[in-house]
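Shared chain: chain A. Partners: chain B in the first complex, chain C in the second.
Let's look at the complex of A and B:
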C-alpha cells in the first residue's frame, strides 16, 4: 500500500514537471528582456502596443458574439433533443464532433468558395459580412465544447418532467426555457461560454485566412519577429485561459441544487 | 344523472402499432375522487396524460365542464398535476414554486404572496417558504408539489402516483392529507396508483384497468366485494381461487377436488360438466366449523405463519391452496403443519369467476 502511494507521487511529480517546467522556462525567458536583470519590460511592451489592444479587443468582441450565437443555437437544440427527439442524440453528437475532425483550414476554404463576392451569399464582399462569417466559423469550432457542456447540464435535471410541470401550470415555451430550463443549466452554459472564449481568443487559422485583425494572427506575427514579447504574450494568453477555467469552477458552486444532487 | 364534470369518451391511444388504451370511457362527477388502479403497463398513466394534454388521443374525446378539451394544449387546460418525481423547480424557493402558476397567469404580487401563504397553511408547512427543494424531505417536497398544483385553483387535479417514491409511513399520512385537502377544496381529482390499499382507502370510485381497458368502475366496496372479472378479483385484495366442476347446474352443486359445495343461484349460464373458478376472500373463511357458515371443505395444513396478533394458515385441498387468517388466541396453540383441517365459509361469500 505504502509503495503504491510512493509511485503515485512519483508519477504526479513527473506529470507536474512535464507541465510546469516549460511554463516556468517561458515565464523566466519573458522576464529577461533587460540585460542582466529580471524585469516586466516585455509585458509592458506587449500591453502598451496599440495592435495588442486592437486585436485583443477584436477577439473579445468576436468571442462574445460567438458565445451568443452558440447559446442561441445549442441550448434550444440540446433541450429539444432531450425532450422530444432522444433518438437523434447520437447523430447530433456525431455532427457536433465534426469540427474536431475537420481541420479549420478546410472549413475556411469551404467558406471562401461558398461565400465569395461572386456567390449568391457574398459574406466576404464586406467587412461586416466577413466578421459575421468569422463568428459563424468560431461558433462551429466551439460546437463540440458548447454542446457537451449544455447537454451535461441538461442531464442533471429531469427535463421532461420539469417541462411538463411548467406546462401544466400554464407556462408557454419561452417561459419554460427562460425561467425553468436556462436557470437550471446556466452554469453549464457558462462553462461552454468560457471554453468558447478561450478557443476564440487564441484562434489563428480562420482569422488569418479571412484576413481579420484578431489576436491569433497578432500572436503569430509577434512570434515571428520578436524575441521576448512572444513569451510574454504566451503567458498572458495562458493566464486568460486559466482565468476562464477558474471562473467555471467558481460559478459551478452557485449551481441550483436538486434533492438528488444536494452538494 | 346530471352531466358529468369530466367525461372521457371512447378514448383510444396507440403508439405506432401498439395500442395502449382501448375504448376507455369514464364519467366523473364534480368533486369526486376517482382512482385509476392497475398493474404497470395497463394504460392508467397514459389516460391521465391524455387528460393533462401531454398525449393526444388517437380517437375519442375528453370533456371537462361541458367543454371539449381534447385538442387543447396542456397550458390551456387549467388542470393541476402532481408528478411521481415531485418535479419542483430546483432553482426556485418553495414560495416561488407554489407561486409559479400564479405568476405565469399574471396575478399581482400581493395576491400571489397571500395565496402562497394560504397554500403553505393548508399543507401545514408555513415555515418552509424560503427553503429550496433540496433542503426538504421527499414527503415535504410532494406536499409543496400538491400546493403548487392547487394554488391556481385548477378545475381538475391529476395525481400521477404521487406517493410511490415515499416511504411507507409517510405514504399513509400523506394520502390521508391529500384526501382531506381534496374534500376541503371540493376539487375533482384523478389519482393514478398501482397500490390497491391506497386506492381502496381514499377513493370515491375506482377504475380498475388492465390491458388498456377499464375492467370495472365502482366504489371500493363494490370493487372488493363484487369484482366483475377474474382480473379484478385477483388484483384487488387477496383471493383464494378454487377450481371446481359443475355436477348439477340446476341445484347448484359444484365439485371441488372430491368434495361437494352447494352454490344456489350462482351458476347462471353454467351447465353440468363446466369447469369454474370459485373465489373466496381470506376473511370469509374460518378454520373449523363455525356457526352461520353453511359450507365446508376438508384439507391438510401445509403452512403456518405466526405474525403476532394474526396467524396465517395455508390449507391444501387437492390441487387448490386456501389461505386464511385467524386471530392469535393465547389459550389455543396454532395448528401444526400436516394436520387434517376443516375450513368453513358461507356459500354466499363464494364468487364465481367467468
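Let's look at the complex of A and C:
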C-alpha cells in the first residue's frame, strides 16, 4: 500500500494547489492597491464605502427574514409529516428538491410575470411587496437545505413520544411546537439558518432582476468598475462563507448523536 | 443531502391507532402542512408552470409551437450548446477530480486531520460561488492575475499569448470546477465510507487481487452515486449565472445570461420566446434530475 499512499499525497497536493492558489492570488491582488507596497487600502476603501454598508445591511436583513420565513414553513411541515402524514413524505421531498432542478433565474422570471403590477397579486407594484418577493424567492432557494437540516434534526428525537407527553400534560399545538419541538431541533434549525445565510448574502440573480439594492448586485457593479476592491470583496465573502460553515460545524458538536427511540 | 430514507414510513403508518386517525382526518390534519404546500404552489410550482405554458402560447394566448421552433435560431442554439459544453466539462472534471480526492482522503492512508480539513474546506468552497468566485479567478488568471504573472516571469510562459483567456470556455470551466470538485467530495465521501471493510476482506479471502477488488466490487457499488452526482453537478452548473456574468460580462453567451438579458430588456423582441428559453432550461435540468433520482435509488440498495 506504500504506492497507494504516495499517490494519495500527490492527489491531495494537486487539489490543495488548485484550491489555495486562487485564494493566495486574491489576497495578494487585494493588497496591491498602493503602488510599490502591500497595504490594506482596498479593504479600507470597501469597508468605508457607504454603498457597501447599505447593501450589506440590506442583504443581512433579507437573510434574517428568509430564515424566519423558512423556519415558519419548514418546521411545522416536517414535524407534521413525521407525526401524522408520513405518506406525504415522498411528495414533500420531491418538492424540496425542485429548487435544485429549476434554476433561480427561471423562478424569478416566473415571479416577474406572475406577480407584476397588473396581476391579481401585485407584489411588484410596491417596494415592500418587491422586498417580500425577494425574501420569498430566497426562501425557495434555501428550501432544500432548510428542509434537510430540520428533517435530520427531527430524526434524532422521538417526535411521537414527546408530542404525546406534552399532550398528556395539557399542551396545545402551538405550545408543543414552540416549547417542545423547536428547542429540540434548534441546533438543526440553526445549521439550516447559517447555510441559508451563506447562500443568500451574496445572491445576485434574484436581487438583480427584482432591482433590489442588495449585496450581490453591488458586488457585480464593483467588479465591473474597479480593479483592487473586487479582490478584497472576494476575500470578505470567502470569510463570511467560512464563518457560516464553521458555526455549523461547531453547532453539530452540540447536536444529539442518535435517536434513542424504541421503534 | 444523500439521505432519502423511507424506512420509518411503514412503521409510522402502522402505529397510528385507527380510531384516532379517523377523528383527525378532518381538515385539521392538513393544517400543519398547509403553509408549506401553499408556499410551494404559489412561489415554486405556479410560476414555473406559468412560464412552461407561456412557452406554448402566442401573444393572443392561443396554443402554438412557434416559440419552441424559434429556439432553433443559431444564436439561441449556440447559447444552449456552450452552456451544455461548460456544464458537461466542469461536471466531468469536477467529478473525477473530486472522486480522486475523496478516495485519497478516505482510503489513501493519509493522516486523519487531512480528511476532516478537506471535508470542512469542501463545505466552504462548494458554497463559495457567485460573483466573489469570479473575482478570485480574475485575480488569479486574469491578465494581471498572480498565476498569469508568475507563469510569465518565472517560466516565460505567457498563457494569454497561447490563446488562454479567462473570459472563454476554458476560463469559465476552470472557474466552475472550483465549486464542482468540493460538491463532489461532500457527496461522494459518504458513499466511499459506505464501502464495507468486509467486502474487501471477502474479496481477499476469495483470492481477488487489488485491481479485481476495485474493478468488480468498488466501482460497481460507487458507480450509481458517482453518475448521479455528475448529473447533479451538471444541473448545478447549467443554471448558474452570477459567476459567468461577473467573469465575462456578456461576452460568453451562455443560456442563463441570454435569459437574463431577455428579462431585463426583451432583447429577443418576443416575450414568449423568453418563456421558451426558460422551458428549455427546465427540460434539460429536469431530465438530468430524473436520471439523478433513478441512479440514487439504485445506489441506496447497497449503501444502507
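Basically, the second predicted complex is superposed on the first by the 247 of 263 C-alpha atoms of A that agree within 3 Å, B and C clash if a C-alpha of one lies under 4 Å from a C-alpha of the other, contacts with A are read in each partner's own complex, and residues count from 1 in each chain.
Criterion: contacts are C-beta pairs under 8 Å (C-beta built on N, C-alpha and C of every residue); 3 or more make two chains touch, one makes a residue touch a chain.
Given the structure is predicted, the values throughout are model-derived calculations rather than measurements.
Within the superposed three-chain model, A:241 lies in touch with chain C and out of touch with chain B [touch as defined at top].
Which of chain B and chain C touches more residues of chain A is settled by the count: it is C. In the superposition on chain A, contact of A:62 is made with neither chain B nor chain C. Once chain A of one complex is fitted onto chain A of the other, the partner contacts of A:136 are limited to chain C, with no touch recorded for chain B. Once chain A of one complex is fitted onto chain A of the other, the partner contacts of A:183 are limited to chain B, with no touch recorded for chain C. In the superposed model, A:202 makes contact with chain C only, not with chain B.
Once the two complexes are laid over each other on the shared chain, residue contacts for A:233 go to chain C alone; chain B is not touched.
Of the two partner chains placed around the shared chain by superposition, chain B is the only one that A:157 touches, whereas chain C remains out of contact. Of the two partner chains, chain C is the only one that A:19 touches; chain B does not reach it. Contacts of A:80 after superposition on the shared chain: chain C is touched, whereas chain B is not.
No residue of chain A lies at the contact with chain B in one complex and also at the contact with chain C in the other.
Contacts from chain B toward chain A in the complex involve residues 52-54, 73-75, 77-81, 83, 85-91, 100-101, 104-105, 132-134, 136, 138, 141, 148-149, 152.
Across the interface of their complex, chain B is touched by residues 157-158, 161-162, 164-172, 175, 180, 183-184, 256-259, 261-262 of chain A. Residues 1, 4-5, 7-9, 11-12, 15, 18-19, 21-26, 28-30, 72-74, 76-77, 79-90, 92-93, 95, 97-114, 136-137, 139-140, 143-144, 148, 152, 155, 160, 195, 198-199, 202-205, 208-209, 216, 219-220, 223-224, 230-231, 233-234, 237-238, 241-242, 244-246, 248-249, 263 of chain A are the ones touching chain C in the complex. Per the touch definition, chain C reaches chain A in the complex via residues 1, 3-6, 8-9, 11-13, 15-16, 24, 29-30, 32-33, 35-37, 39-40, 43-48, 50-51, 54, 97, 100-101, 103-105, 107-110, 114, 118, 120-121, 123-125, 127-128, 130-140, 144-147, 177-178, 181-182, 232, 235-236, 238-242, 245-246, 249, 256, 259-260, 263-264, 274, 278, 281-282, 285-286, 288-289.
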